[in-house]
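Chain lettering (A, B and C) follows the sequence in which the chains are written, and residue indices restart at 1 in each chain.
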Amino acid sequence: MAYEMQFGPIIAHAPDLLQGAISTLSLSAQSIAIGVSIGLCCAVARTEEPRLLGKMVATYVEVFRNTPLLVQLFLIYFGLPLIGLRLTADTSAVFAISLNLGAYSTEIIRAGLIAIPKTQVEAGLALGMSRLQVVRHIVLIPALRVIYPALTGQLTLTLLGTSIASAISATELTSAGSKIESANFRSLETFLTIAAIYIALTLAFRFVYWLIGLWLFRRKRPPKPSLIADIPAAGVAA
Amino acid sequence: MSALRISNIQKFFGPVQVLNDVSLDVEPSEVVAVIGRSGSGKSTMLRCINGLERIQKGSIEVAGHTITPSSGDLRALRKDVGIVFQSYNLFPHLTVEENIMLAPVVVKRMRREEAREIAADVLGRVGLSEKKDAYADELSGGQQQRVAIARSLAMRPKVMLFDEVTSALDPELTGEVLKTMEELAKAGMTMILVTHEMGFARQVANRTVFMHHGRIWEQGPSAEMFTAPKTPELRNFIASSLK
Amino acid sequence: MIKSFGWDSVEFLLFATRWTLLLSAMTFVLGGIFGLIFALLRVLGPRPVQLLIAGYTQLIQATPLLILVFIAFYGLSFLGLYFPPLIAAAISLSMYTTAFLGDIWRGCIESIPRQQWEAADALAMTLPQKLRYVILPQALRISLGPTVGFMVQIVKNTSVTALIGFVELTRAGQLLNNMTFQPFAVFMTVAAIYFTICYPLSFISQRLKGSRHVGLAH
């Protein structure tokens, strides 16, 4: 009855686990880069006019936030070939996760843009700056500061959400784990190890976000403690 | 050749007419105070001069630039017309020096060292040289407003607009800001100030303009306007302001 | 033999949706009960307990939901127990929900200003009375928006249980796809059903929150 956990067989697969972790990081990085870019464009589109573009963005956002990532993944991987677009599992994963993240990022970034008082923008315009210059020099950093916890939290969820891609056998950590598990049937140890790796990755990312925050929101002199709390609120898994 | 010529402008917010056939000429180095009740259109008129509000009729010529309802290179105009707001609007994530340097570097494509020299110069003029590395939330309201003035001055404007710049300040702090403005006037800057500070208008402004219901109701040399108002509306206004 | 995608396919999906809804309800109830307990313990409990719960929350929030589900389903054989998919799903999803809802509610309770606690103290109320009459009613109102928003996540989260073979809506979609080879029609219908459940919840959540503010949980 006593079940002894043996991690030996799992550790033996360390290279596969490492490879899986790297693949997960790669998948996350690509999805984050694309997803946040989408979010930025859509957020700006939504706050500027014309109304039609804003409505299209709103539709995109609501559709992707109210359907599960797994279903989005299946639609892209299994459904797109029907219209002639056959993507590999890895590409489908990047596609789906990026679009998903894009929808959430749009709303988060939009909240940041709205949080900047109109008077700041006016002050910039009054000094002769163009709208683009105003966004870059006056709006961007303060807005980022406002949304930093929400945004970094969402990025963490994206990292963890890459595990869903194992459903189509994309190259990432959970798929690697499943392969190891089916090789030695030590399910508990395998998935506990996988969990530990994800936790380590998450903590590493959170540390990096904190560092980036220190740099982005730095003051020349340190007169007052930073107001940033980078504890993610609550979140999305799928 | 006037520094500012407003010709018969009209401005509506939706169905509401805020400016009704307003015309004004300002000579170079002249200091004009604009007074009136809230809603009389004075702030709106000021904001039309640098294009923050669009006019529906008429034209504005200022510092060699022209605005009409359908045209006007606002960016070029704004390099020559500075404005200081009631709520200072300093950029919270930049130091005082960076606040001042931002526009010269980004808009006028100046080299940073050159911009830094200008920043030091204007900061000295408003008496805040020692605060160049401070952030806005470390400064008092009066200091922030003076930095805002310096920030506008750094662009070497030909005309400066002041929109009720002391209204948001505690009484003890208005003095330092008014002093800075007085020095600017003495140095020959063309200034248009919307203000509630009657005493200041009387002392420093060459001419005072009284606005009422979106029109220029009465205008004249400052001393005369306050001692011998011609219209009953101005008389009432002065009386109620003295309370 | 390839089936065609017709009304009985849609019926099949709708039938599976009942399981989605059941699992969501179970998760919300279990996760909610424990979430509330954890939130209260985190705010009011002795320090070791606070740390334990904080640790639990941080760990769960740093683990993919799918892995939690896998551990619950595949991994607990050492107990000599093989949980059927529904139970494994309910356990793992509830643990996940507890961590997140508990954190949301903790935040809501902590956002009640100190002065409210002091006022209740000054009226000589006991702790249960303070909670019942002063703190929790206010925290409840604040928490409505984010909580309804998280319900959307709960419903969407059930989809990952498809990967342990639990026949809820997404798995039904996979099965149907294998029978009809019409992935577009199948998964668009699946998506539409999820949307029909989730969008009203999202909408209500936005309204409750005063819409402007954006958190992660809708």
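Just so it is clear, a residue touches a chain if its C-beta (ideal position, glycine included) is under 8 Å from a C-beta of that chain, and two chains touch if they have at least 3 such contacts.
Note that this is a predicted model, so its numbers are computed, not measured.
Asker: Counting only chain pairs that touch, give me the topology of the graph as line, ring, star, complete or other.
Answerer: Graph shape, chains as nodes and touching pairs as edges: a line.
Asker: By mean C-alpha position, what chain is farthest away from chain C?
Answerer: B
Asker: From the Cα centroids, identify the chain that ends up most central relative to all protein Cα atoms.
Answerer: Central chain is A.
Asker: Could you tell me the distance, in whole angstrom, between the mean C-alpha positions of chain B and chain C?
Answerer: Averaging C-alpha atoms per chain gives centres 56 Å apart.
Asker: Taking each chain's centre as the mean of its CA atoms, how far is chain A from chain C in angstrom?
Answerer: Each chain's C-alpha centroid was found; their separation is 20 Å.
Asker: Distance from the CA centroid of chain A to that of chain B, rounded to the nearest Å?
Answerer: Here the centre of chain B sits 46 Å away from the centre of chain A.
Asker: Taking the touch rule as given, give the residues of chain B at its contact with chain A in the complex, in rising order.
Answerer: 50, 52, 74-76, 78-79, 82-83, 85, 87, 89-93, 95, 102-103, 106-108, 133, 135, 137-138, 151-152, 155
Asker: Can you name the residues of chain A that touch chain B in the complex?
Answerer: 119-120, 122-130, 133, 137-138, 141-142, 145, 217, 219-221, 223-224
Asker: Which of the residues in chain C come into contact with chain A in the complex?
Answerer: 59, 61-68, 70-71, 74-80, 96, 100-101, 103-104, 107, 146, 150, 152-153, 156-157, 159-160, 162-163, 170, 173-174, 177, 183-184, 187-188, 190-191, 194-195, 198-199, 202, 212-218
Asker: So in the complex, the part of chain A that touches chain C is made up of which residues?
Answerer: It comes out as residues 1, 3, 5, 62-63, 65-72, 74-75, 78-79, 81-83, 104, 107-108, 110-111, 114, 147, 150, 153-154, 156-157, 160-164, 166-167, 174, 177, 181, 187-188, 191-192, 194-195, 198-199, 202-203, 232-238.
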